[in-house]
Amino acid sequence: MEKISKNILNQVILPRNPESYKGNYGKVLIIAGSTHFGGAAILASSAAVHSGAGLVTVATTPEKFTAINTRIPEAMTIDYHNKKELLTAILNNNVIAIGPGLGTSSVAIGLVKAVLNNTKTDQTVILDASALTIIAEEKIPLQTTAHIILTPHQGEWRRLSQLEIPEQTELNNFEKLQDINPEAVLILKKHNSEIYFQDMSFKITAGNAGMATGGMGDTLTGIMAGFIGQFGYSLATIQAALLIHSVIGDKLFEKEYVVLPSKIIEKLPKYMQKFSLLNK
Amino acid sequence: MEKISKNILNQVILPRNPESYKGNYGKVLIIAGSTHFGGAAILASSAAVHSGAGLVTVATTPEKFTAINTRIPEAMTIDYHNKKELLTAILNNNVIAIGPGLGTSSVAIGLVKAVLNNTKTDQTVILDASALTIIAEEKIPLQTTAHIILTPHQGEWRRLSQLEIPEQTELNNFEKLQDINPEAVLILKKHNSEIYFQDMSFKITAGNAGMATGGMGDTLTGIMAGFIGQFGYSLATIQAALLIHSVIGDKLFEKEYVVLPSKIIEKLPKYMQKFSLLNK
Amino acid sequence: MEKISKNILNQVILPRNPESYKGNYGKVLIIAGSTHFGGAAILASSAAVHSGAGLVTVATTPEKFTAINTRIPEAMTIDYHNKKELLTAILNNNVIAIGPGLGTSSVAIGLVKAVLNNTKTDQTVILDASALTIIAEEKIPLQTTAHIILTPHQGEWRRLSQLEIPEQTELNNFEKLQDINPEAVLILKKHNSEIYFQDMSFKITAGNAGMATGGMGDTLTGIMAGFIGQFGYSLATIQAALLIHSVIGDKLFEKEYVVLPSKIIEKLPKYMQKFSLLNK
Amino acid sequence: MEKISKNILNQVILPRNPESYKGNYGKVLIIAGSTHFGGAAILASSAAVHSGAGLVTVATTPEKFTAINTRIPEAMTIDYHNKKELLTAILNNNVIAIGPGLGTSSVAIGLVKAVLNNTKTDQTVILDASALTIIAEEKIPLQTTAHIILTPHQGEWRRLSQLEIPEQTELNNFEKLQDINPEAVLILKKHNSEIYFQDMSFKITAGNAGMATGGMGDTLTGIMAGFIGQFGYSLATIQAALLIHSVIGDKLFEKEYVVLPSKIIEKLPKYMQKFSLLNK
């Protein structure tokens, strides 16, 4: 398993073309949040905005619009109960991240199916948290022709792969991912998180126990969406997104016993610029 | 095309008369926001408050009052569905900015018409975002005797002028603006944004690709409204408002890969004072 | 007219007794806010909390509870439409400030009357903004035996006193205040604000034009309430509250062209400690 | 009465195991807040999140969800009126803190009973504020086999123990606590707060009069919950939670006349890391 080098960050986070405009940096749709898990939608979409996505839309339950407007005025919102608006949003965005705080209600199941049925080549679908649980429980096949990224932590991967945590070896993970979808990327969140894609595997040697707190995964999902939106889908982009999340977390951990997701989000623009400027 | 010099900033942002009161710094009405685009109203009105407008009122849908109260307690709110209150507000404010996050519903169309039908000499109307789309789609003539400022980005200008982006040359822009309204000011937002007024044109050589993110235009609209509210309508004021937005953006971009609109807003009072103090 | 010296600040802001508890620092009731003016309630109550009031309750319309909870979790809320709860709150608080953002509806008129009819000796009533307009328009006599403080700006004082602004001379102000209530304190907010009480008058030589912005008066009202809550009703306390508001404003104005009320509020604990420590 | 040494902080706040995950740091349920006291729920749950609890759920009235999502996106929410969801939450969390801003309605009484009737060995129940009042007024016996921590201030302890404040001597406190529940820990909040457990008593010599402000107790409750969630129930953990609250308060008090609860919360990760690093 190859260790991901910090060099990936400046290789991916290139200086922007001065003549570009927001349309060049991706249209990201975050389908997230439910009555009891509103914060997850805030963290994921805030992370997407702070990581530089050109335009971010949050599809959520309307009762969360006020909190989203207050925390992230840069983001737009739609009501995910409105099927027509949701479909339009799925068709019009490059990157669709689904799952943080979604819950496993029939509405949530319908949302996961809507994404998998209506996305296609050139789009990227990130399946996280509740979306992974739904796929496992409802045995929903990952049939879209869009790029697929799965971001389970070990417990979610157990539900999805039927592998108990001690059985989650490199070999077993490769095999199960093949069964689930041979074209999908698996990001397995754990101490030294791992990436699996086809016959390749990578791991980061960053991250810390201060990051072991609620909302941390939602934040990674938002960064992943923001990075793919602006840097394009590629293994390098995925590696960079995974790594920067932990690199910032490690920096904060030097001075903070618990690393709050919202603090990582806040630091994204500065760390991204730091790595981008290494290219000069 | 003349380059706008940074000197315009200290020429416009003069030290305030110690015996003045808030009534001297303009009454600004921001007509903005709708169910799905609440953040635009927050950014525009927050920018107006931070740029020094004496009194800022946001006409929006009431579901956004809580987010506005929370983010900008300095601003007042009215419900733009209430025609009587809206009309009173249009008559009582010096500067009216309409469009950010308004959408193109029949309500929004009615709001644009109400502004154009009820404003007059000595008032300034800033038409942005959805308001520009409405004018283009509904072919609404700009008949008010108020000062008019149009702030399209290139896509909005295409809809308004029928000029494809490569055709948006200085000469063509002049001609189309004459057709639309020979007294209006056109601010064309792009890499090195441009100002057109009668037979004059100007451009800034500030701004950066880190500013290519959602909400940036809403923020400019708010600054424009705040500047005209307190410094009065003039080409110099318009130039200064356009320039300071990008000057602050450039400063932030030195350390931040993506320049969030809310960060620019936050920095307004300090940068304005910096330029004001150059007069001492 | 005597100039208020900065020494008043350390004379009033004494180090707290280590064995004290929050009950020693006053119970403050802020009756403020309405549908369109929610921010005023936030600013006034936030100022009271930050200036050290032991317990702050905001009586407002329930639609503003979320914004207040979000901005000032330290404050409690009651619904001012509930007459029984309102009366209990009026009876149980030491300091009652009424007016910021209240509007002049029949509900607001009822609130002003409820305060004046149900307060008594040892309580302090601060009448500001809409409450002053209501008193002027409804010709409501100030009959309570509580201490009364009126905090009009020049326009509000004109409505209350029938004195046009050029006629608002020291002599005329004394006379009119006698007519209105010979025991009340008048704080006339203007360039170099003035205090009138019986045959004494004072002025501050602090404050600046950067403070000429919406919400600044609401903030002063909150500071006044917080100061009287913890330091007790006295001319010295009133002078200190008026002065610190402008002293902080002047400090901010050195670096900020417009001084936002929320920034003054944020700085209160530090400036108060600075003056308190001068006693050591 | 033994003085609690600062050493307890580094003894309790140990460096985290790098291979741990959020499940290792406790599941904390905060049952708090009501229509008029929404801020208490925010402060308590925000303190739990910032002190490092792995997962924090706030059971409150749904009208407070937006404020909680906005201030603490890291926390989850449930509606405490929903008996089934509440019971599931009580069964599934390690630490349950009940009381801040709860009020004494019949709903609140039901919540206190639900906690006492459904918790058991290995769980910890923290009873604070309104929960203590309810227990005193309703004479509810503390029959759970869970660990019990009572956190009254002197007034609440008077209601609970029938001891007037001057009678709240060490001996009397021991005796009354025996009567109430011989296994419970009593934290008596006052100048130099005290801890009573069986035949042991401890006090801190930290804290200051700047902390005498609304919301300070809610904050301690959240820290207590967060500490027990991650460091486990023990006298040492309880001592450390009580002490760090005042240690941070003392640090802030050096520069701030009034120490706002939200400022203490914000500083928790830094101070905890500072003490944790003393172990290296």
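Labels for the chains are A, B, C and D, by order of writing; each one numbers its residues from 1.
Methods note: a contact is a pair of C-beta atoms (placed from the backbone, for glycine too) under 8 Å apart; a residue touches a chain by one contact, two chains touch by 3 or more.
These numbers were taken from a predicted model, which means no experiment stands behind them.
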Of all chains, the one whose CA centroid lies most distant from that of chain D is B
Interface overlap for chain A and chain B, more than half of numbers shared or less than half: same or different? different
For the two copies chain A and chain D, what rotation in degrees overlays their C-alpha atoms? Round to the nearest 5. 90
Find the geometric centre of each of chain B and chain C from their Cα atoms only, then give the gap between the two centres in Å, rounded to an integer. 34
Which whole number of Å gives the spacing of the CA centres of chain B and chain D? 49
Specify, in ascending order, the residues of chain A that touch 2 or more different other chains. 66, 70
Which chains are in touch, pair by pair? A-B, A-D, B-C, C-D
Counting only contacts in the complex, chain A reaches chain D at residues 35-40, 42-43, 46, 63-64, 66-67, 70-71, 153-154, 190-191, 208-210, 212-216, 253-262
In the complex with chain A, residue positions of chain D that touch it: 13, 15-22, 24-25, 49-56, 62, 65-66, 68-70, 72-78, 268-270, 272-273, 276
